[in-house]
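Dropping a structure here in structure tokens format, bear with me for questions.
Here the chain labels run A, B, C, D, E and F in written order, and each chain numbers its own residues starting at 1.
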Amino acid sequence: MPAVKKIRIIDSMRRTDIENSLKQSKRLDGRAILDYREISIETNVLQKTSGSASVKIGDSEVLAGIKVELGRPFPDTPDKGIIICNAELLPICSAFIEPGPPSEDAIELSRVSDRGIRESGMIDLPQLVIREGEDVFAVFIDIAVINEDGNLFDACSYAIAAALHGATMPTFKIENDKVVILEKVKPLPILSLPISTTFVKIGDKILLDPNAEEQTMCEARLTLVTDDKGNFVSAQKGKAGGFSFKEFNEMIEISKKKGEEIRKKIIKNDK
Amino acid sequence: MSKNNYIRTNGRAADELRKVSIKAGIIKNADGSAIIEFGKNKIIAAVFGPKEVHPKHMMRNDQAIIKCRYHMMPFSTDTRKNPSLSRREIEISKVIREAIQPAIIMEDYPRTAIEVYIEILQSDGGSRCAAINAASVALADAGINMRDLITACAAGKADGKIILDVDDVEDKTGEADMPLSILPNLGTITLFQLDGCLSEEEFKQALEMATNGCKKLYELQRNALMNKYFNNNKNKGV
Amino acid sequence: MPAVKKIRIIDSMRRTDIENSLKQSKRLDGRAILDYREISIETNVLQKTSGSASVKIGDSEVLAGIKVELGRPFPDTPDKGIIICNAELLPICSAFIEPGPPSEDAIELSRVSDRGIRESGMIDLPQLVIREGEDVFAVFIDIAVINEDGNLFDACSYAIAAALHGATMPTFKIENDKVVILEKVKPLPILSLPISTTFVKIGDKILLDPNAEEQTMCEARLTLVTDDKGNFVSAQKGKAGGFSFKEFNEMIEISKKKGEEIRKKIIKNDK
Amino acid sequence: MSKNNYIRTNGRAADELRKVSIKAGIIKNADGSAIIEFGKNKIIAAVFGPKEVHPKHMMRNDQAIIKCRYHMMPFSTDTRKNPSLSRREIEISKVIREAIQPAIIMEDYPRTAIEVYIEILQSDGGSRCAAINAASVALADAGINMRDLITACAAGKADGKIILDVDDVEDKTGEADMPLSILPNLGTITLFQLDGCLSEEEFKQALEMATNGCKKLYELQRNALMNKYFNNNKNKGV
Amino acid sequence: MSKNNYIRTNGRAADELRKVSIKAGIIKNADGSAIIEFGKNKIIAAVFGPKEVHPKHMMRNDQAIIKCRYHMMPFSTDTRKNPSLSRREIEISKVIREAIQPAIIMEDYPRTAIEVYIEILQSDGGSRCAAINAASVALADAGINMRDLITACAAGKADGKIILDVDDVEDKTGEADMPLSILPNLGTITLFQLDGCLSEEEFKQALEMATNGCKKLYELQRNALMNKYFNNNKNKGV
Amino acid sequence: MPAVKKIRIIDSMRRTDIENSLKQSKRLDGRAILDYREISIETNVLQKTSGSASVKIGDSEVLAGIKVELGRPFPDTPDKGIIICNAELLPICSAFIEPGPPSEDAIELSRVSDRGIRESGMIDLPQLVIREGEDVFAVFIDIAVINEDGNLFDACSYAIAAALHGATMPTFKIENDKVVILEKVKPLPILSLPISTTFVKIGDKILLDPNAEEQTMCEARLTLVTDDKGNFVSAQKGKAGGFSFKEFNEMIEISKKKGEEIRKKIIKNDK
């Protein structure tokens, strides 16, 4: 099955409807321009993982599963565990996704998710070392996109945060110079919960949490990731258009507030 | 059916199925879909089509073509699975496609493709049978014209006994696994595989047991479809 | 050279001829419906192997070569040697096979051949262990399809059986904690000779040993593999149609008898 | 701009760029090209097109399509890089394409492809920004109609200070890297990424510093183009 | 030819070929085929075509295109070979294609492809030369219009001596290997490679020796074709 | 971006011009048939390498970079270092090169360059061994084709020779049974400087140093590589036509003379 990707097209009448509505700062699904759709988060949904979460933002749905396995450190970081993060756009998620090797979009989604974890220092990597330079734990974070209706960056961010928050890792002992994994587990050392907020620009309006149509027709996209302390820990601009500096400064303000709201939701959910 | 009192290490009787639940219509973007939980298996099947055929040279003027992909998520297995498609997944994709195609009225959809995507979110023994049951419901949910549902269940042998619906542990330690799919109303065998060792007597006994298992699945499939259409259940999502 | 596969098509006149003939339970090549074509088996045809066989069933011809090399056991079976079985549909074998990565058909053929060996316990895998968890022998079974005229499942099964029956493996010693392979060889430990029989259904008739035309136009295919003791050790149904239970029971009976006949042929050949 | 006297371990002031040189028109077979040396970065960008689109289904009737590939030579890195394209290279190819496209008057070239190939011969921190600066000059050199040049520069944080134009050592030991590209006359941000940790204050400070860096690059780009066209410099070659 | 009495470790004289046998027409499904045993080499060449060209853009209106694949079976080598095509196999496929094409009257088959598939079942030194000899007979067996046969043989240097037809052991321990293919009646060199070290004198001596080897092969090729067509030999199969 | 390669076509008028000019043994760029274009060689052009060179032959331009890293020897040559040579036809170099997996042409170029190094004994491989059978130095020779105007075989040959001549390798010590690389470097042990000369045949003329047009329309190509002592160490014929024996003997003579001239140029350059 080759990867001849159908392209999502918004017909011109629909496009006009969306634009006209935005003139009154209203979206066709009734939201204000800075509203999120309903977010639902459920954790511990997968038995064969050390942590998992299912996240829905409106009709976008993703599933994250964490597995912690024995591995070898990278030669240049012998004193740190390993993170491998991979997001797959499953062909079940949309008529516009074909099975096959990961598309450019899937690779960007994986790498932005990965950097969100890595650069924020979310996982305490030195705590994953068993024997420096020899044996470490590798944390595999795999994400399945189950249904696609825009804003996968945020959905993945929340699924990762929810799955890692409360995830476990194995304990071990050394026996005859070999690492033996024990049945007992302990919490995975999580240092912060970075939260992503994604904006798009349509005409002169900045929208939060774009659905699939909005994301298809937007000129530019910006994802800003903030941590518990209000720091910015990761960002990614996308799409073949641009933002003005004024728009940029607006998004900076909003992302901090929204990030805080959503972080509370994830922590509450996990109790 | 089985008269003996043999109890398996997992607590089931020899001819007892694992817990099964099927729910239709759970993927909004798909034309049809279903999720099945079958023991620890957690599997989504989604159907897209009938739709345009790509690449063109695969198109058939007198009937549809069926594309089918069976794919395991990296987190679905005990040890993380490499994300790329293994030879095992390619073979299972083929046998599932050949198992479901006899139920589809192919000539009703000339020059089109019907795509069946199966995602194993959590795996246990018998994932291909579970997947066929879900795919069958997803096809019906997509409104594809069908001669019958396809219903699947394995039998096998473990600890010297012929048993229904082999789970992961029994598959690894047991003597044989025999997945079967049938068109229950037409009495047609559409998938059959055997791995392991069975005498002729055991073979026939397992075949009968798996057939009975299929009949139970058939009821569960029908219920899933009725729940969707008669309870007007609008909930979507895994 | 891309893999744009030509598809074998049976024209409607030829199809009618085949079907009319089958109404009288006769095949166009003169065979009765449960007859095999002539089977010829030749062993030790390849010098750089530990065992080899060339098998012809009518105009289908395959070549199997065994190589036994040092390897590492899989982590979950430290006490067993390794089997790797691979069948290739060479582009020389048919105008309908293009060079390139293995097709779905080739993968199915490889995996069914592999399971026939593995699940029947044909090779005594614990005998291949040198040092548990460290060093084992790996048995590579490679099959080349030289000419394709249907029923490759059986041709591969017989070639594997004939090549393994009488194959050898190296002897070794441990020196300075290293495995040293010695010149002397010993027989590869073979526990049974599973034999496959393949049926197809055309209309209401069940045929044994389909040729390429019959296999192309059949509705369903069944391969049943039996061992020395009359046990069933492997099976694979193929093609996008089905069998009735009555047909199934017939094939079960026939496969045992035919399997026994062919097994004798292979053992005799090897003496 | 910066008033403080902080000196970085590499000897630069906080708001000081590395040494940059840009030369246009150095690949004879390309329709446009440029080589940039930016610190230790040594990068060629070459543009081919507007040209026929392959495969056909990617063609757009109302505008051009842009293809862009960012590729590192195996000898460009400290440890030899595997020659095949990494996921990092694929992502950077995408963000660079999206960074340069807003400058191109796409509707002037319907049904064509414009190809931008970037080869990293020697890498240092900030290779994607350096590459965008070179690609921008190569596009202009190819005579592609543009709204503005694209000009790129990173800011970041190392040793607790906000600094301009993070090099390899500062990227590895530092706290944050923030690459930016803008259309300087239109005031449009076309590439923006952040890896690391910045407070809101630092974020804004870094954004301003990077913007100022971009303005310096803009002058260097213009000089490179003028050198080619007004000095009638015919020399080609790396 | 050679006057000296030097005997090689394999027992051959300096200008002595290994044992060679060629048989034409052994693959029923091919349009033409041959098997050659050349020392321990055991190689099948099969020809399909002239046939339709895929993909279309490779088609030439004024002549045929030749596709050629040289492929080693995993069991053909001392240590098992990985089944996927190596860079070595890709290069040899190219040089063999270029070696045989000059013999084919390409303009007789416009808009078609002629496919030459070479399978190494057992390898020894000189497999590319042996393969060319087999491919040449297979092309003639397929009835492809040819200007001449292509005939190939290597010379080389081992143990300080120039020798004909280097085998595996001599290739590994020897000083040079020089495969050659010619069109014997036209006196044209169509394949030439050298690996190793030869003085100018040795080079010329080796070239002459290989040329004489080719002439011997030519007789064997002609015999193989005559055996098929005049003895009306209907046997097929390896 | 798929690899649909455009094919370079010489139109018939241009072809006639080239052929008519060759009848007077003249080339359209003014060269005599056995003239090289201007060759320029610059070394130490890349900082992150142990040796590098930029070579231009007319408008053909290539860049070679050497890296020497720790590696493991091949099992059958435990007493030798490793050479890995790879040439890439970058998409910047020509409108006829598409990005993607290496083409047949790129593979041939890589392998001919590799054999030119390997078979000539250019690098003293036993000198690269750290601990026999355990640790060796691997010499990576990577070549980037920057602009393509024919005769890449020679351009790569000279770039390799110039980069290796004067390249360095690390020194090391063994500490706690581990190999430690030291800052100090020493010269890479180079035993000879093989030099390639490439001929093409157009009509009845043999030309040295073909440009892109000449190489496209030629019937046959021959590369002959000679070493310091006038020995022939590597050769490769290409293109789907042939040479007469008389032509062959001419090229043998010429290649020795030209090789010597160019070798002097490279050695001089490096002083």
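FYI, a contact is a pair of C-beta atoms (placed from the backbone, for glycine too) under 8 Å apart; a residue touches a chain by one contact, two chains touch by 3 or more.
Quantities reported herein were computed from a predicted structural model and do not represent experimental measurements.
Trainee: From chain D, count the fewest steps through touching chains until chain F is reached.
Mentor: 1
Trainee: Chains in contact with chain B and with chain F: which ones?
Mentor: Both chain B and chain F are touched by no common chain, going by the contact rule given at the top.
Trainee: Which chains does chain A share as contact partners with chain E?
Mentor: Shared contacts of chain A and chain E: no chain.
Trainee: Enter the angle, 0 to 180° in steps of 5, of the rotation superposing CA atoms of chain B on those of chain D.
Mentor: The superposition gives an angle of 120 degrees.
Trainee: Can you spot which of A-D, C-E or E-F is a repeat of the D-F interface, where more than half the contact pairs line up?
Mentor: C-E
Trainee: When the C-alpha atoms of chain B and chain E are each averaged to a single point, how far apart are the two points in Å?
Mentor: Distance between chain centres, rounded to whole Å: 51 Å.
Trainee: Centre to centre, by mean C-alpha position, how many angstrom separate chain A and chain F?
Mentor: That gives a centre separation of 47 Å.
Trainee: Send over the residues of chain E in touch with two or more other chains.
Mentor: Residues: none.
Trainee: Going through chain A residue by residue, note those that touch at least 2 other chains and give them in order.
Mentor: Correct list: 4.
Trainee: Beginning the circuit at chain C and going via chain E, which chains come one after another?
Mentor: The chains follow each other as C, E, F, D, A, B, starting at chain C and passing chain E next.
Trainee: Contact residues on chain B for chain A in the complex?
Mentor: 27-30, 33, 40, 42, 44-46, 48, 51, 54-55, 67, 69, 71, 73-80, 83-84, 115, 117, 119, 121-123, 236-238
Trainee: Spell out the residues on chain C that touch chain B in their complex, using ranges where they run on.
Mentor: Contact set of chain C toward chain B: 4, 102, 104, 107-108, 110-111, 115, 119-121, 222, 225, 227, 230-245, 248-249, 252, 256.
Trainee: Okay, in this complex, where on chain B does chain C touch?
Mentor: 57, 66, 87-88, 90-91, 93-95, 97-98, 101-102, 178, 182-183, 186-200, 203-204, 207, 211
Trainee: What does chain C use to touch chain E in their complex?
Mentor: That would be residues 1-2, 4, 45-49, 52, 54, 56, 59, 61, 63, 65-67, 69, 86, 88, 90-95, 99, 101, 140, 142, 144, 146-149 of chain C.
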